[in-house]
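Both complexes below contain chain A, partnered by chain B and then by chain C.
Let's look at the complex of A and B:
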């Protein structure tokens, strides 16, 4: 039976400005200050993108790829563009930065924060700058990712993108230091858009990190990244999502991998109330490799989603997916692993594994392999396991004097390490390990 | 040191131990021998406090205090150590990390400060040398990809690091060749002293050539059916379990 307060709340929602109109309002308020606002072609593209989003609306449960993750909560909040001022405090910045030399671009309030960033001198053949300073590349960066409802957020992003990173490497350029993209969540709708393009035989490492800006009210970070790995190039792409526990985070990445190239991706999601990192990877040339690993650390009521579409469009490519999940309390993890092998993509080798530890009765995982194999000479496999922490391992550690809580933390850390160890050794791996350990230590304190 | 009094224990509702009495004084080494299924491993797990091994009657006193109701880690910190028959593999956790956590948990309990990384490494390397173990085992995940013999050596290595007052060795000889057996036995003997005791559980007499016991017990059907000196082990080897069990019946 509906209570009076429930009915009233419903009334309020109905009388509020509809969500889509509200976002259009955000665009109106922000448009003049967005990069490229004075370039008619860019402004036209943004307006068109907003129209596409208005027409499509948010993705919903009726779409197969959004079956397990709903965005209704976004419609219950009121959204505004980020404030024009305010930075991130020094301690927060320091804790989130890589302890090594890097090309660092920091974003606060959806804008490049020059004071907190450190790009320094770039080698020849490297373009690295914030989107807000990339006048010529803007049209490229804002190009549509798709116009169906499943990816409608990327059009919202194109309309509203206030900043991001443009990284372009000429053929043969090897960037030794990692590029560090660090964004802090704020209580507003923030749209960041990145373009990463590696020329033939180029090499780079990118750390993309979304952190808690110490916000008091829910924020929504909406990210789109376009990644092109040229022939024979190598890109190591690490992504950390550690937003505030009240935040919403949605990200879509589109990756194309050239012949003989290698793309290694490790994504760790340990924050936000609701987050989805969706990655579309396409092999554009033969003999290429993709190693995609993910780790979800969910507690409280966090709902954390990794959705992957891996398209073997050409023969002779190898892909490996490993996704691990640690879910506690009433947390909910989602893994959707799509693999499509085109009819002529012979000699494809595609492996997928999802492993989950559910630590509490109300913890949940939806793990769904989705293989569409249209070629006949291929090696494809998928598997999923779901369980609790191993009782034998617990006993073994306790029998050595290690307290149960610490034994558990060590086992979870060991479980996560398989993904952590996919990150290049050294400062980067230490950084990711620390990110995981901080989450585990919070668990220890709560237990 | 250890007093087991009329110990009855069940696993999955089935009674495995049916009234064990056994007293080990400080400085003594006792051997428990018995055929498969006699309850040897159950005894070791009950002593270590494994879940699912339920004591239904009797008591176990360790340093005069009942172990019943204590968690496995509390027993370990009090100085009890079980060398597993089947050491457990722990992916992603380095042997060094695991062992340092254990050493510091035990030290904390004894009111000592944490062992710093340098001292730990130095101590660990010295013990490994004693056991002719490669130092690289410190960085490898606990027991992952170790051979049977390497796992057993790793158990004794942990024992040397933790310096227990009571070591329970559950079929530590199984899977070891004669050279490894000697090294492991030397490791165990190195820990012998007036304040330390050991309970050596084994199926074969062979290990007892190297770890010479003060007392030998024969376990069958969940009870100790015979107790004697070290010669009892030789007698068992010569006559087999069947005769001893028949004699005792």
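Let's look at the complex of A and C:
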């Protein structure tokens, strides 16, 4: 396989090869080395997926769900498959890992890095392995996410997925230690695809982390995750995105929640030039619960997007959404939160809140909370607020002798902590808190 | 999902009969169906318009043709209806007898129609102090209180008259708020608009009475394309009422109006609408398609535009009264009640575009949905980079009655200025059993209970209506929701 990875500058002239042909080229170059390449059915699925992407193209502004986020910049870069070496140094790796016992899977340049990973012995009833080692489950994992035009990226992902995590829990299995998924790499087009499936009454905690490998060049990380939470199961799913300031990151998660189950999700986006985390959550059984929280920390020219579609398809489910945004410099935050309550999904309780702090004159936010309600016995509400740091709060703290910069940092920290506190207590929460504090401290240095 | 097989479900007892469903039988001057350049020329000639007006219309027509060819009707709203055949519509109809000077010359049948509608023109002149510019189908046939207004320098006349008498004002402001190519229906309106009202309030004048126009769609298969232009000069004030009912019809009638408001320095415009056109029968057959573009521009500093609307009629409502807040310290308000019952569909809301410093806007929207109706609030609050200190508060509540209706909220909030403060709240709920029980226990019938609760739900908006409208609107809410519970 030829090594196509080269360092690029942002201002590089537009490549002469059309975007879609470039990606086809990437596929050609990588195909033989992709998981399941020797299984005809898998190879056929990948080729078909690429065709779907070729037909649909990148999602654009004409699609309502992509109104605020454009991917045109992707077409101005030239793309290559992931590099074979480099991607992360020991210090960065260590800084990004959880300071506790965990099942750790590290992906460098879109490939499972066995040396950096630590899976150890697993309890009975647990399947945890990288996609590249999951022969039988492969077709499952590569299954299409839908036919909607908006899922073209997940089809591109199906064609190019070089690795990912497969986590399967049998009924009643409780995984005490968190599963840690860490991704680094030399900037390139990297496609990871995860499958997380919890059986009845199973429990697990998953931390997904996309980090800066230390090379500031435009890479494109395209992630697809399929999550199924079985009846009565509990999944705590934390996601951190802290890629380098030139990176592009697009992720789509599809989650289904069984009866009586609980899905808790916290997503923090603090890196990349342009990132979108899109989550589709469907209640498949009654009396289930979803708690979805998001935090965007945008500075520089970062464009960070959280898009959420929550489908109350069955009665008696409860959902809570909290999305917060701290936008500095010329940053741009986007939040789209759709709640759909299907006919007959009575006794639905769906709450949503979006709060934004704009810290600089060129900072901006676009938000679209959308309620589509087709059942009457429901309690649904959403709220949105946008403003600068409250002058009264600043005054209160300064009157008590706290310097302005410190007061501001404390207020921002408190603002962000509401989302951080949704993460299970202990090492995991400390880890997320540190991730947030590092970002806030950088601001302090700049101010 | 307009009228189709599934609507055959049990709907007995839902909704009372449309109380204003009658047809006035007077001879009308109707242009054959169809739309072409000749139609536009005909309308223009019929009205004795000058060349510049015809040119303006033709420009709009060409733009509309291009839009129709390239994109067709807008499809983003949450409403569905069979495709409209724009060649199957009459674009011009006028009552034959033209009467302009005194009421005595007005067709008696026409006057009787107003009686049925509860607008005894003569009485209103004296009692209510309301100057009525009644638009019957496409041509204004009676204008009152003109002389009194004239003394104060206020111009209140039909659009056709304004084109002839005040071309300098019309040329200056027509299309300045809603450009010719603004959207599909506004462009169509620009090409074929029949008539409408024109108001100009000179600097510093406070219009002493509520100006009012009653619109009425009459001749079958006649699209109504009103064009209203309201200009409030520096420091002036005007309050304008618009209300309407339409006769019962089986064929869908297209209505694409454009309303433009221009508000200069320190001026204030209040614009209130009660819309009660024929909503179609219980199965959604017939009814008016109401595709309206309403927009106001707060051009000057400290100007204020306030929209209040009570929307109970029409099969489909597609309407977003907006305010462009250009002047510093200008204020925009939007108070809305939208009621949909049976098979009605409403997609309505507002746009508040903050451009000037310290601009403020308030949005209060109450959507009530019953039967199989779909009610959508769709709104935009945009704060431009220059709108330092902008402030917006939005509240959108939906009330659902019955388990087959839908209530949707789609607010867009785009903020590009840090010093802006924007708050948005939305809730969706139903009339609680507790509330109903409480009312029933005190001897209210189920319907009265619902009406009381709904009126309470809409109170904040109804309070904003001028007195005589508030009474009418409260009755309307009750009538619109008759039979929706129980």
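Note that the second predicted complex is superposed on the first by the 429 of 447 C-alpha atoms of A that agree within 3 Å, B and C clash if a C-alpha of one lies under 4 Å from a C-alpha of the other, contacts with A are read in each partner's own complex, and residues count from 1 in each chain.
By our rule, contacts are C-beta pairs under 8 Å (C-beta built on N, C-alpha and C of every residue); 3 or more make two chains touch, one makes a residue touch a chain.
Owing to the predicted nature of the structure, the values given are computational and were not obtained by experimental measurement.
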Could you tell me if A:77 is touching chain B, chain C, both of them or neither one (first, second, both, neither)?
neither
Is A:373 touching anything from chain B or chain C once the two structures are fitted on A? First, second, both or neither.
second
On the A-aligned overlay, A:364 touches which partner chain: chain B = first, chain C = second, or both, or neither?
second
State whether A:39 touches chain B only (first), chain C only (second), both chains, or neither.
neither
Which of chain B and chain C A:117 touches, first, second, both or neither
neither
Identify which of chain B and chain C touches the larger number of residues of chain A.
C
For A:397, using the defined touch cut-off, is the partner it touches chain B, chain C, both, or neither? Pick first, second, both or neither.
first
Which chain A residues are contacted by chain C in one complex and by chain B in the other?
none
Inside the complex, what are the residues of chain A that reach chain C?
64, 343-344, 346, 356, 358-388
Contact footprint of chain A on chain C as seen in their complex
76, 385, 398, 400-430
Interface residues, chain A side, partner chain B - complex
391-393, 395-404, 406-407, 410-411, 413-418, 421
Interface residues, chain B side, partner chain A - complex:
48-51, 71-73, 75-77, 81-82, 84, 87-88, 90-93, 97-99, 101-102, 105-106, 109, 141, 158, 162
